[in-house]
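All chains are identified by letter, namely A, B, C, D and E, in their written order; residue positions are counted from 1 within each chain.
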Amino acid sequence: MNDLTKDTPAPAPAPAGTPLVELTGVSKSYGNVRALREVSLEVHAGEITCVLGDNGAGKSTLIKIIAGLHPHDAGTYTIEGEQVRHTSPREALDRGIATVYQDLAVVPLMPVWRNFFLGSEPTKGRGPLRRLDVAAMRGTTHQALLRMGIDLRDVDQPIGTLSGGERQCVAIARAVHFGAKVLVLDEPTAALGVKQSGVVLKYVAAARDAGLGVVLITHNPHHAYLVGDRFILLKRGTMSGSHLKKDITLDELTREMAGGSELDELTHELMRRTTTAPPATDPENPA
Amino acid sequence: SSTGGKRAEDRAKRAAKANSSAVNTPHWTFAMVTHSGAGDTFWDIVQSGAKQAADKDNIKFLYSNSDQANEQSQLVQAAIDQHVDGLVVTLAKPDAMKAVVLKAEKAGIPVITINSGSQESKEFGTLGHIGQDETIAGRAVGDELNKRGKKHALCVLHEQGNVGHEQRCAGAKATFSGKMDNLYVDGTNMPDVLSAIQAKLQADKSIDSVVTLGAPFAATAVKAADQAGSSAEVDTFDLNAQVASSLKAGTLGFAVDQQPYLQGYEAIDLLWLYRYNANTLGGGQPVLTGPQIVTKDDADALLAYTKRGTR
Amino acid sequence: MSPVDDERLAPRSVVRRLLARPELGSAVGAVAVFVFFSIVADSFLRASSLGTVLYASSTIGIMAVPVALLMIGGEFDLSAGVLVTSSALVSSMFSYQMTANVWVGVGVSLLVTLAIGAFNGILLVRTKLPSFIITLGTFLMLTGLNLGFTKLISGTVSTKSISDMEGFPTAQDLFASHWTIGSVDLQVTIAWWLGLVVVATWVLLRTRAGNWIFAAGGNADAARAVGVPVARTKIGLYMAVAFCAWISGQHLLFSFDVVQSGEGVGNEFLYIIAAVIGGCLMTGGYGSAIGSAVGAFIFGMTNKGIVYAQWNPDWFKFFLGAMLLLATLLNAWVRKRAEAAA
Amino acid sequence: MSPVDDERLAPRSVVRRLLARPELGSAVGAVAVFVFFSIVADSFLRASSLGTVLYASSTIGIMAVPVALLMIGGEFDLSAGVLVTSSALVSSMFSYQMTANVWVGVGVSLLVTLAIGAFNGILLVRTKLPSFIITLGTFLMLTGLNLGFTKLISGTVSTKSISDMEGFPTAQDLFASHWTIGSVDLQVTIAWWLGLVVVATWVLLRTRAGNWIFAAGGNADAARAVGVPVARTKIGLYMAVAFCAWISGQHLLFSFDVVQSGEGVGNEFLYIIAAVIGGCLMTGGYGSAIGSAVGAFIFGMTNKGIVYAQWNPDWFKFFLGAMLLLATLLNAWVRKRAEAAA
Amino acid sequence: MNDLTKDTPAPAPAPAGTPLVELTGVSKSYGNVRALREVSLEVHAGEITCVLGDNGAGKSTLIKIIAGLHPHDAGTYTIEGEQVRHTSPREALDRGIATVYQDLAVVPLMPVWRNFFLGSEPTKGRGPLRRLDVAAMRGTTHQALLRMGIDLRDVDQPIGTLSGGERQCVAIARAVHFGAKVLVLDEPTAALGVKQSGVVLKYVAAARDAGLGVVLITHNPHHAYLVGDRFILLKRGTMSGSHLKKDITLDELTREMAGGSELDELTHELMRRTTTAPPATDPENPA
C-alpha cells in the first residue's frame, strides 16, 4: 500500500541545517551498569546515520533513547531543534519516529495483521460504530510482506509461529509503513535471507531519497558502507569515532568495527586452519 | 507509674467513664473469641449483647473471631498474651480449644463458654456455659415440623463443614418423622442460594418445608419457593428484622430463636459477677438461652427488638 | 490470493477451523455437560429448570465477561467479588441515609464503584506490583469497609430495607425483573449477560481497544514499545470490572432488597474459573468473551445439575470438581485436535 | 578479575547490594511492621506474644515454603489448603478404623498425600492445562472427599479422638510439642518452618534441582530445549507441596487430636500471599524461600498485631489489607531503589 | 576451560562411512502448516554441513528435529546408524548433540552463569552434600565468554539484561562447551559483531578439526562457503539442492540462496539509486 518512494509525504522542511534528531552528550545507566557515556549524534533529513560497534557497545541503548523507550540520564535530545524528554514511545511515534527494535517488539499470540498495525490501527465508521478496518489491515499486511519477499500463507497466523526472519520482516515493514520523518532500524537484516536483506537496504535507500532521516545499526560493514552517509562508532559505551562517508574507506571502517589489529590475527589463524581458498572476491550480497 | 502521657490520659478517661457507668469496679478487660465467620448476623447480635453488658459493667470488651479451629485457638492465645481479666469462648470445635482454654485457666483467667459445647465446658473446668446446644435446637425444629404435619423437609446449610450447622440439621433429622434432605449452598453468594434452593425444589416436588440455618437466608428461600412454584413452607433458625416481619406477614412458618443477645450479655455479666462477687450461675449445669419457637403470634412483639438488632 | 491455494498448507475442514477458535472450542464441553445432565437428572430438561440454570449462570457470567477481558489483558482482580457487595451497599445505604430517590443512590454507587476500579488500575500501573497483591489488598480493605461501614451506619451487619422508597420499582425493573414465558422464568440478568458478551466481543475483535487488550496481556513491553497506551488500557479494564460489579451489585440489592455486608467473598474465583474454563490463559494475551460465557454456563449447569440429579450432597464438591475438570479437559482436547489436524 | 574494576560499572555499597536481593529486600517491610506494632500495641512486645506470633507465622510459613518454590517453578496449587486437612483426616481415620498404631496412620497419610501431589503434577504435565484449573479441580474434589468420607466413616463432620491410641504421644512430640523458655512458648512448628526454609534455600541456590526450578518457571520452553527435565521438576514441586501439607496436617491432628473435615478451605491463598509478599513473581522464575518466610512473618505479625492493638474488629480486614499493601509497597520500593542506585 | 582444539575427547569412531546423523525423507507439519517435506541430510564426523535457504524455508524446523525439540512426522532419523525418534532434547543431548537455537533458549531472569550450565550443571560433594560447583561454573562462564571477545562485567547479571549479541555468545559458548559429537548452530552469527563472528567461525572450524560433525545455518553465503563442506538448500519446505563444496562456486551458491535472477535485478536497482561507488572488493569479514 505504502511505497516509500511515492506515497510518503515529504517531511515538513526543517530550518536549514537543523538536524531532525540530535543527541548531545547523552548518558544512560541501568542501575549501576553504565551503558552509554557522553554520546552525540545527528540525524539529518535525507541522510543515513549508521551506528556501528561491538556487541554490548550500547547501540541498542542509544536506539531505545531515540525511540522514547528509555529516558536518558544526562545530555540533551532535540527533535527539529526542540528539546524533548520522552516518557513513552508513543511520544516519539507521534513525532514521526518509527523504530524496529532488535528484539522486534511483537506480541507472539496475536495474528500477523494485528501486530502489523498495533498501536496505530486504522478505523472506519464513526461514533459507537467506529471499528477496525479489518479488510484493509489484512490486505496491507499481506502486500507489504509480499514486497519484501515473504509470501505468508495466512496473515491470521499468530506471529509467534512465524520464522525468525519472517518476524523481522513484519517489524521492518511496519516501521517503513508508519515512518514519517525518522526511521530507526536496530540490526534489521540480522535474521534475513540474502534477498530480504537486499530489499531492506533498498527500502532504507528509498526512505532516504524520500527525505527521511534514517538511523541504521548493523554489524555488517558492507551494508553500512553501501548506504551510510555518517558513521558513529561506539566502544564500551563511549563514542570512539564519528566519520562522514567521504573521510573513510570500507577497509578502515571494517578495521575499526573489529577493534583494529586483532582482526588480522584472527583472519590469519582461520586461514591457516581451513583448507579452502580465500573466498571469492564477489561483493557481499546484494551489493 | 508515670504521671503524664497517653496512659495517664487514658486513666483519666476511664475514671470519667467509670463515673458515668452503672458500677465503679476496676476497668477490667474481657475478651470474646468465637468461631464465627465474618459478618454473620447471629454473632453480630451476640456481640451487641456483650457490648451492652460491658458498657454497664465498666468493662473493656475485645472481640475476635475465626472459623478455622487453628486460628481460633491462636486468637485465644493472643487474649492470654494480653493478660485479659476474663475470657468468653465458643466451643464449636472443643478439641481444638481444649489446650488453650486450660492454659487460660492456668494463667488465672476465668473462662465462660457460650453457644456450643455445653458438655466439654464442664470438662474443661470453666465457670459455666451459657447457650444452647445446636443439637437441641435442631431437635426442637424436628418436633415443630412434626407438629405442623410436614412430610419432607430440606435443610439448607450455608457453610459446608460447619460443625454447628451439621448439628442443627442432624438434630432436626433425629426428631423429624418425615424425610429430610441436606442442601449445601454458598452463603456468601445470595444468587447461588436462590438458584440452588430453586433447583432443589424443582427437582423434588414433594418437599413441603425448607429450613434455613440463618435468618438472612429465609427471605431468599421464600423467593426461591415462589419462583419454583413450590408451596413449601419456609422456616428458619435465628431472627432478624426481615424474619420477624415475614413471620408477621405469614410468609415464614416459624423461627427458632436461641437469644444470641442473651448469650453475649450474660457471658460478660457473669464474668463481671465472678470477678466482683465470685458468683457463678447454673450450678454446674449449662444455662440455656433457647430454643424458643417464634411464630406469627410472637412476631409482633419482637419486631421492634429485631429492628434495633438485639433479637 | 486465497491461503488455501498455498502448497505449504494442508486443506482443513470448516468444522475443524471453527473448533480451533477459542470461542467455539469451549462449547463442546458445555454440550457434553448438558447432555450428561439431561440423561442423569430427570428434572434437568424441564423448561423451568433451564430458567434456573440460566439465572445461576448469568449471575456469574455478568462478572466473568470483564474478568475475562482483564485476564486477556494480563491481570487479575481478586476484589471483584466483594466489589459487587460494596456497590450494592453504597446504593442502599446512600439512598436510605439521605432518604433520596433510590436512583440517586444507584448513581452514586456507580461513581464510587468506578472510582474503586480506577484505584485498582492506577495503583497497579503506578507501583508496578503484581495485580494479585494489589487487588488482594483492595479485597481485604473492601471486606473490612463493607462490614465496618455497614455496622457504623446501620448498626447491624445488613442494610435496612429500601423497598418502600421512591424509585425502587423502576430500578427493580431494570436490574431485577423477570419475564415468564410459558413455564420458563427468565431473569433480566440473562439479558444483561448476553448484552455484555456481545459488547465485549465487539470490543475485543473489532476495536482498537480490543487490539490493545490482547497486546497488553500478550507482551506488555512490546505493546508499549509500539505505542500502545498499556497503562490506560489496564486502568480501563479495571473500570470495566467495576462497571459490571455495579450491575451485579444493583441486581443483588433490588432482588433481595436487603444486603448482607459479608457477601461476595470468594465469588471472585467463580468469575476467574468461568473465564479459565472458557479458554482464557492465566498468563494473558489469549481468550474470548464468548468463552467466558460458555465457562459460566458450564459452571452454572454443573453446579445446579448436581442438585437436579439429587446426588448425595456430602459429595457435592467432589462431583463439581470432577465435572469441571472433565469439561475443561474435553475443551482443551477438542481444540488441540482441531488445531493439530493436518 | 573483579567486576568492580570495570569502568562500565558504577560503585555500589554493600548495603545496597544486599537490599537488592529478593531475600533481604523483603525484610524491610517486616521490620517496619514489627516496629509499627511495637509502638501501637502494648502487649505486642511481650515475650509470650512473640511466641504466639511466631506460631501463627509458622503454620502459614511451613506451607509457604513449597508454595513459593512452586511459584518460582511457574505454577500454582489451589489444593494446598484442603490437602493439609485431607492429610490429617487420613492419618486419623486410618489409625482409628484399623485400630493401628498412629504411626502407621501417619505413614499411610504420607503416601496418600504424596500420591495426591503427584496426581496434580502428572495431570498438569500430561494435559498441559493451566495449573489453576487442574488444582482447582483437585481442590473441589478434595473438599468433597474430606466431607464425604468423614461423614461416611465417622457419621459426623469431624473425626473421632485418637489421643488414647498407641504411638500418639511420640507422634505428638514430633509434630505438636512445644518448649517453654522463660515465659515464651515455642511450638515445634517453628523449628519445622525454619528447617524447611534452610533446606529449600539450599535446594534453590546450590543444587541442580534449584537451577531447574528457576528455569522451569522462567522459561519452560528454553529449559526443555537445553535438556532440563521440566515435567519431572514440576511433578517434584507438587510433591514437595504435598510433603509439607503432610507435616502441617500431622501438626493439626496431633495438636488438636480431632480434625474438622471442613477446614483448610481458603488457606491456599494465605500461602500464596506469603510467597508474593516475600517477592515471588506470579509469573514464575523469581523469588526465594527466605522471602516466603518473611512474607509469612509479615502476615502473621499483621494478623495478630491488629488483635494485640485492640482495634475495632469490624475493621479488621481493612487494616489487614492496608498493612499488607503498605508492607509490600515498601519492600518493592526498597528493592527498586537499591537496584536503581547508580 | 574447554578449548575445542585440545580438550574435547575425540568422538568414538563410527563404522567407516556411517554418518553421525542422517535424516532421510523427513517431513514435519505444524497443524495444517507443512513446514518440511521430504528433506534428507547427512552429517559426517569432521565435516561441516551448511543448511541454507530463504526466510521461512524450514531451516530452523530441521534443526529442531535434529535437536529433539520436535519429533518428525515422517521419514527416518538415524544417529550413528541407529534409528531414533527423540521425545525430548535431553535424549539428543545425551547422544552428544549440542544445539544453539535461533531464539537462543535462555531464561531471562537467571544469572548468566546459571544459564550457561543449565541442564548440565557440574556438582561436587556427594550424598546430601552434593551441590553445584559454583566457583567453577562462574569461572568457566567468564573465561568462555572472554575468549569470544565478550568481557562481561558480572556473570551474576540476569541474562535478560545482556545485549542481543552478548546473549548469542553465551548460547554459542555453551554449545561449544558441551558439544560432544555433533554441534548444531542456527544462525549463530546473526547478532554478532565483526570480531565475534570471526571467533565463532574459528570455533566451528576447530570443532570440525576435532572430529565433530557440525550443522551450520546461515544467511551469509561468505560464511557458509568459507567453512562448509556440504550445502543443503531449502526452499519453501522442500530440498532444492544439495552440493559438495567442490561442485559449486561462491557465486553460484549466492545466486541459489537468493533465488536466482531476482537478485541481479535488485542489485541493479539499488546501485542506480545509491550514489555510492560499488562496495570495495574486500572479502567479507573476517575472511
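One rule holds for everything that comes next: a contact is a pair of C-beta atoms (placed from the backbone, for glycine too) under 8 Å apart; a residue touches a chain by one contact, two chains touch by 3 or more.
To keep track of the chains, here are their UniProt names: A, E = Monosaccharide ABC transporter ATP-binding protein, CUT2 family; C, D = Xylose transport system permease protein XylH.
Keep in mind it's a predicted model, so treat the numbers as computed, not measured.
Contact with both chain B and chain C is made by D. The set of chains in contact with chain B as well as chain E comprises C, D. Using the mean of the Cα atoms as each chain's centre, the chain most removed from chain A is B. Pairwise, the chains sharing the most contacting C-beta pairs are A-E.
As a whole-number value, the distance joining the C-alpha centres of chain A and chain B reads 72 Å. Work out the mean CA point of chain C and of chain D, and you get 30 Å between them.
Each chain gets a centre from the mean of its Cα atoms; for chain A and chain C, those two points are 44 Å apart.
Counting partner chains per residue, chain B has residues 38, 160 touching two or more of them.
In chain D, the residues touching two or more other chains are 8-9, 143, 147, 316-317. Those residues of chain A in touch with two or more other chains are numbered 33, 153. Contacting chain pairs (ordered by label): A-C, A-D, A-E, B-C, B-D, C-D, C-E, D-E.
For chain E in complex with chain C, the residues that touch the partner chain are 29, 31-35, 73, 236-237.
Touching chain C in their complex are the following residues of chain B: 37-41, 44, 160, 181-184, 186, 188-192, 194-196, 198-200, 202-204, 216, 219-220, 223, 227-229, 240-242, 308-309. Of all residues in chain C, those touching chain A in their complex are 1, 3, 6, 8-9, 202, 206-208, 210-212, 214-215, 218-219, 221-229, 285-286. Chain C meets chain B in the complex at residues 41-43, 46, 48-49, 52-53, 55-56, 59, 81, 143, 146-147, 151, 155-158, 161, 178, 185, 251-252, 255-258, 260-267, 270, 300, 303-304, 307-310, 313-314, 316-317. In the complex of the two chains, the chain B residues touching chain D come out as 38, 62-65, 68-71, 73-75, 77-78, 80-83, 93, 95-96, 98-99, 159-163, 166, 170.
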